[in-house]
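As written, the chain order gives the labels A, B, C and D, with residue 1 at the start of each chain.
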Amino acid sequence: MNFTSDNTHIIAEPILNAILKSNKSSVTSYGGDEITKKAKEKICDLFGVDAEIFFVTSGTAANALSISSVTPPYGSVFCHNESHIHLEECGAPEFFSGGCKLIPIKGFAGKISLEGFQNAINDHPSDKYDFKPSCLSITQSTECGTIYNEKEVNELSSLAHKYNIKVHMDGARFANAISTLKIKPSKITWEAGIDIMSFGTTKNGTMSAEAIIVFNKKISKDMNLRIKRSGHLLSKMRFLSVQMDSYITDNLWINLADKSNSMANYMYQKLLSVKYIDMPWKVEANEIFVILPKEIERKLSKQDVLYHKWSKVGIKDLALNKDKEFIRLVTSYNTKKDEIDQFVAILNNIN
Amino acid sequence: MNFTSDNTHIIAEPILNAILKSNKSSVTSYGGDEITKKAKEKICDLFGVDAEIFFVTSGTAANALSISSVTPPYGSVFCHNESHIHLEECGAPEFFSGGCKLIPIKGFAGKISLEGFQNAINDHPSDKYDFKPSCLSITQSTECGTIYNEKEVNELSSLAHKYNIKVHMDGARFANAISTLKIKPSKITWEAGIDIMSFGTTKNGTMSAEAIIVFNKKISKDMNLRIKRSGHLLSKMRFLSVQMDSYITDNLWINLADKSNSMANYMYQKLLSVKYIDMPWKVEANEIFVILPKEIERKLSKQDVLYHKWSKVGIKDLALNKDKEFIRLVTSYNTKKDEIDQFVAILNNIN
Amino acid sequence: MNFTSDNTHIIAEPILNAILKSNKSSVTSYGGDEITKKAKEKICDLFGVDAEIFFVTSGTAANALSISSVTPPYGSVFCHNESHIHLEECGAPEFFSGGCKLIPIKGFAGKISLEGFQNAINDHPSDKYDFKPSCLSITQSTECGTIYNEKEVNELSSLAHKYNIKVHMDGARFANAISTLKIKPSKITWEAGIDIMSFGTTKNGTMSAEAIIVFNKKISKDMNLRIKRSGHLLSKMRFLSVQMDSYITDNLWINLADKSNSMANYMYQKLLSVKYIDMPWKVEANEIFVILPKEIERKLSKQDVLYHKWSKVGIKDLALNKDKEFIRLVTSYNTKKDEIDQFVAILNNIN
Amino acid sequence: MNFTSDNTHIIAEPILNAILKSNKSSVTSYGGDEITKKAKEKICDLFGVDAEIFFVTSGTAANALSISSVTPPYGSVFCHNESHIHLEECGAPEFFSGGCKLIPIKGFAGKISLEGFQNAINDHPSDKYDFKPSCLSITQSTECGTIYNEKEVNELSSLAHKYNIKVHMDGARFANAISTLKIKPSKITWEAGIDIMSFGTTKNGTMSAEAIIVFNKKISKDMNLRIKRSGHLLSKMRFLSVQMDSYITDNLWINLADKSNSMANYMYQKLLSVKYIDMPWKVEANEIFVILPKEIERKLSKQDVLYHKWSKVGIKDLALNKDKEFIRLVTSYNTKKDEIDQFVAILNNIN
C-alpha cells in the first residue's frame, strides 16, 4: 500500500499507448512537429481560449518558469505558507526569477483567504526601494487537498489585479479540482482572472508532462528563451506532447481524477469511524490529512503501508500537541478499495 | 529523408519495451526506487568507477548543471567556438552558474587543440580582479562529428588541471565516439582526466535521458540541490532510469551508434564522388558536413530531404566563398541505405 | 530636529580632515596604495586578529557580499524578522547569492534568542532536496537599538557552527554596541564565533565607508572578485580607506558613539515621564522606540520634528492596538540636548 | 610620474570645497535631499533634456545597472572586444542582468565600425531559441583614447534601433570626448540615439561619482530597485550629489578635461620624435598608446615612471611582433608638462 504520493504510480494505459503510437517515424524536433501543434490546439479547445502553451517535464519547472515570467528579480510573490513553491522546490522561483522573494501567507487548510491576502499586501513594505509585489500564486487543488471555488479565485484575482499583481495557478492537481467542482476549466482559470498556469498531469497518469498555459497575452513573449536556457526544451518534444494530448482525450484526465477523488472520499468516510484519529478538514480532492497519536503512528510506520509525514509548518499552524503526529495519505486512479480497507483494518487493530 | 538531427528519430525498441516493463506497480518517487539504483550501478560498472550519477531529461540541463558545479559566478569556461554550450543553449551555462563567461576557442573541425587551449589561457586576463578560469568543456564526439583521441583528451585535461581548471565532457554523442574509438569508456573519460561528464543517450535511441556522471569526488556534493531548484528532478524517475539501464544493456548503445556511424560513413564515401561538393573534414562519427554551391543548395532545399544549414561561426572560420553554402547531415540508427542512395541521386541529378 | 536616522548627519570633522590630508598626490588605484594598506592593518590591530579586510561604500553591499560568500544559491540565511537584510535591502542577499532564502525569526526587541534560533533550525525543511542552512546573520546593535552580550553571541554562534552554519554580524551600528558593552571588539566578534562581519561607520560619522572583515580564513578567497563584479571596487580607494583609518584613530569611533548613546539615554529618561507614551524596551544604544496614540502622533507629525514610523512587522509582533502608532527616534554624535528638550516639550504640549 | 590611470589622481579643489560646504547640517538621506534634487536638475539642463538620473559610486556599477535595465537575462550585448565591460569588470553585466552574453566586436582603435556592428548582427545566431540581441554599448571616449563623432554615433544607434536594440554609452571619460568634439553633450548622446548612459566623473576630478542618465523614457522605471538591491544606494547621497553638481558648475568638467587632453596631446607631439617607438593611432583624448621594443620597455619599467601594459586583446588585434611591448599612458588635469618632459627625456636616454 503506497499512499505517499500520486507520483509513485504507473502511467495510465491510454497514455502509454499513445506514446507507442507516436513512435513511428522521424519528426521535426524541439516542438516543430504536428503532434505538438495538435496537442496545443486541443488544450486551447479544452480551456476555450487562444493561449500560448509550452510543455515541460516537471511541475517545479512549470511553476518557476511561469512565476519568473511575471516576476522581476526584485519582485515579490505571495503564496500560501505551505505551498509547494515555498517549501518543496529548493528555491526554484528564486533561481528562475533571479532572486525574488516569496511572501508566505498563513491560511486554513492550504487556502489563502481574501483577508489573508489583503493583510499580506498591507504588511508588505511599500516605499520606493522595496520589493515590487508582482505575483500571487495559488494551488488548485491545494497542497492540503482542498479546493478554491470560482468565487474565491475571482476575488483573489481581482484583489491582485487591483495592485497590478499577476496571478499564477499551480495546477499540479488541477484535474482533481475539476473533478470535484464539475465546471469548465475556463471558469476557474482565465475567466476567474488567472494570468498563467501550470497544468499538471504527471500526478494524474502521465509519465512526465506539464503544460504552461499563458492566458494573459501581455505576459512576456520570451518564454521560449527561458525554457531553452533552463534546459527544459525537449528535443524529442512529441513524446511530451502526445502525453498531453491523450491525457485530455475522451475525458481521460477527469475519469482518472474521479477515481482518485472517490478513493480519497472512500478512505475519508472509513476513517471517520476510526478511534483516536482526527482529520483537520474535509477531503475535497485526493489527499487525506490525519492527526493521530505519536504512539499509534510509530506502530503504523512498521506496517506495510507508506505515507508522508506532513510539513512542520502545517503542524505548527494547527498547534498540534506534542504527542500528535500529522500524516498525509494520497490516493490515485490506481488505488484499490481493498488497499484502503486493509489500511483501515491495520489502523483499527493498532488502536 | 530527415538528416537534420539524430533527435528527430524514434525511440529504439528495446528501450520502449523496458519502459513498458517498468510500468507495473508503484515505486518510490524522486529516484529513491530500485530501478534507479540499479541503473546507476550499471553505469558505474560500464565506466569501471565509483561515480556519483544523476539523471535529467536534456543535454542542455546536463551540461549546465555540470558546468555550474565547477564554475563559480565569476568563473570562466573555455570551450570551442562552435560548441553547443556556446551557440545553442541560449545561455544555460551563464544562467546556471549565475553569470559565468564562456571563452570560445577556434579550432579545426570542432576540436580544441592543445595549442589553442594554451593560447586561450595565455590570453585570459589575469589580474586579481578578473574572471577565474574554472572549466574546460570539450564535446565528444564534437559538434563537427569529429573525435578526440585518448592522447588529445589526456593532454587537454593535464593542461587544464595545471591551472586548476576542471574538465567537463559534453557527451551528447558519446556513443558515436566510443563506436569509432573502440576503447573502454573509462579510457577517454576519467582515466583521461575528465572530472564530470554529460552522458547523452537521447540522440542515440532513448526518449529523453541524459546522465551527469561526477568522476571527481571533490566536486560539490550539492548537485541534488542544483537539480531540484532548476526543476530537473523528475518525480517518476524510474522512467528515466529504465531508459538509461536498457540503453547500456547488451551493448545496445554501441550497436545503435555503430549503425549511425556506418550510415554516415556510407554517405561520406558516396558523396566523395559527387561533383561540385566538398567535405571539409573526414567523417568520424555520425555527422557529415558538406560545402556546396548556393545554387545547388537552393535546388536541394526544394526536394524532399531535410538537413541543417551550419552555423555562421563555422562558415566564417572556414572562410567560405560567398557563393557557397555549408550544410550538416546527421545519420541515426534508423537511417536506411536507401535514403542515402536516394539523397545522393538527388544531388547528382541537381548538378 | 532630525531623528529619522543617524545617516542624515554630517561627516565628523576629524574624518573630513583626514580626507583633505590624503588628497595630496597620485597613488595606486583600486586599493594598491599605502593608505589602504595602513587602514587595514589598523583594523586588524583593533580587532587583535589577522583578518582579510575589504572596504565598500554601503552597508547593504557589505552585508550582501559577506552573506553571499558563505551562502550558496541554494542556501538559507537565518535572520531576525525585523532585520535590515530582510526588510530594507530589496533583496540584496538574494541577488548577490543567486537566489538564497531568508528565514525570518521572531524575537523580542530585535534579538534572536537561542531558543528562537533552535526552533527555526528544527522547523527548517530537512530532506536532501531542501535549501541548505548556511548562514546566521545577527545585527549588533540590533535594528531595535538593543545589544547582544558576549554570552548571547557565543551561544548563537556555537549553535550555528554545530549545524555547519556560518555566522555573519551586521555591524552597521557596531560602535554603539561597543560603547555600551565597554569590551574589546574581539570579544563580541571572532572570539564569540563571528565568521565574517560588516563593520559599519557611515551611521557614526564617516561620509560613506564600511568594512567587510573576514575572520574565518576558510571563507572563500574570492571576495575581491565578488566586489569587482558587483561594482563595489572603488578606483580611488584611498578616500574610503582614509575614512576607515581616521574613524578608529584616537578612539574617535567610540567617542562619537558615546555621544550618540548618551543622547539616546537622555531622551529615554526624559520620555519616561511623558504622558500617554510607552517604550516597549529599554534603550541600549542610540535608538528610542516609542508607542503613542495615533492622535498624538498625527499632531506630532505636523511639528518641526522628523522621525521614522516603525516597520509593520514590528507593530504586528507587539500586537499593538489599532489606535497606537509606533515610531523610531535615532540620535547621533551630532544631536544636541536642546533638540531633545525641545522635542519632549512639544510632546508634552501636544498631550 | 604616474601615467597608469586618471583615477590615481587627487580630487579637484572646487569639488572638495563643495563637499566641505555641504557638510553643514542634517538632510534627508537616500537622495531625498535638496542638494540631490538640484544636482539632477543641473544635469538635465546640461544635456537639455528631461531625463531620469541616478548617482552611484563606480563606473562599473553605472554600466552594469544601465545595461541590465535594457538587457534581459537571455539578452546579448554588443560591445568592442577591448571594452571595459568585457575585459575589466569581472562579469558585472553578466551578474546584474542575470546571465546575459557579451558579443565582442573587433574594431580599430577601440571603435566599433558600422560595418563591424552590422556583421556582428548578421553573425548573431537568430533562431527563436537564441539570445535576444538587446543592447549596444559604446565607450566615449573609447578605451583606446579615441572618439566617436556625431555621425558615427548616429549611424550606430540607428542600426541598433532598427533591430530593436537599445544603445548604452559608457561615458567614463565623456568629458574628454566633449573637450575634443566641442559640441553640446546632447548632440552626441540622446540626439544621436543614446538611450542610457554612464556619465563618469571620477576619472576627471571627483572623489567617486558617476551618474546614470536614462534618456529613453520607455526604459524600466525600476532602476531605483536595481540600485538598492545591488547596494548602490548611498544613504548620505548628498555627498555624491554635491560632487556631481560642482563637477558641471562653471564649466569645471570641461576645463579639467581640456587640461588632460592638452597634456596628452603635448606628450603625443613629443613622442613623435622619439626613436624606436610607434603610436598606432592619433591621440584624441587623454590616453596615449605606445608600441616599443620589449628591451626598451624593460629598462623603462625600472625608472620612476608608472604606466599600464595594454591588454592582450589589443596586442593580438594589432598583430604586434613578439619583440614589441604595448603600453598605455594616461594624463590627467593634474599632469604637469615637466613630468612629460622628464618622461620623454628618460625614453630618449634609454634608447
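Points worth noting:
Going forward, a contact is a pair of C-beta atoms (placed from the backbone, for glycine too) under 8 Å apart; a residue touches a chain by one contact, two chains touch by 3 or more.
Since the model is a prediction, treat every value here as computed from it, not as a measurement.
A count of contacting C-beta pairs for A-B and for B-C identifies A-B as the more extensively joined pair.
Placing every chain at the mean of its C-alpha atoms, the farthest one from subunit C is found to be B.
In whole angstrom, the spacing between the mean C-alpha positions of subunit A and subunit C is 41. One inter-chain figure worth recording: subunit A and subunit B are separated by 34 Å, centre to centre, where each centre is the mean of the chain's CA atoms.
One inter-chain figure worth recording: subunit B and subunit C are separated by 51 Å, centre to centre, where each centre is the mean of the chain's CA atoms.
Shared interface positions of subunit B, i.e. residues touching 2 or more other chains, are given as 73-74, 90-91, 94-95, 98-99, 129-131, 225, 228-229, 233. Against subunit D, the residues of subunit A that register as touching in their complex are 30, 72-74, 98-99, 128-132, 222, 224-226, 228-229, 233. The touching residues of subunit B, when paired with subunit D in their complex, are 73-74, 87-88, 90-91, 94-95, 97-102, 122-123, 125, 129-131, 311-313, 316. Only residues 2, 4-5, 7-11, 16, 19-20, 23-29, 56-65, 89-92, 94-96, 202-203, 207-208, 225, 228-236, 239-240, 332, 334 of subunit D touch subunit C when the two sit together in their complex.
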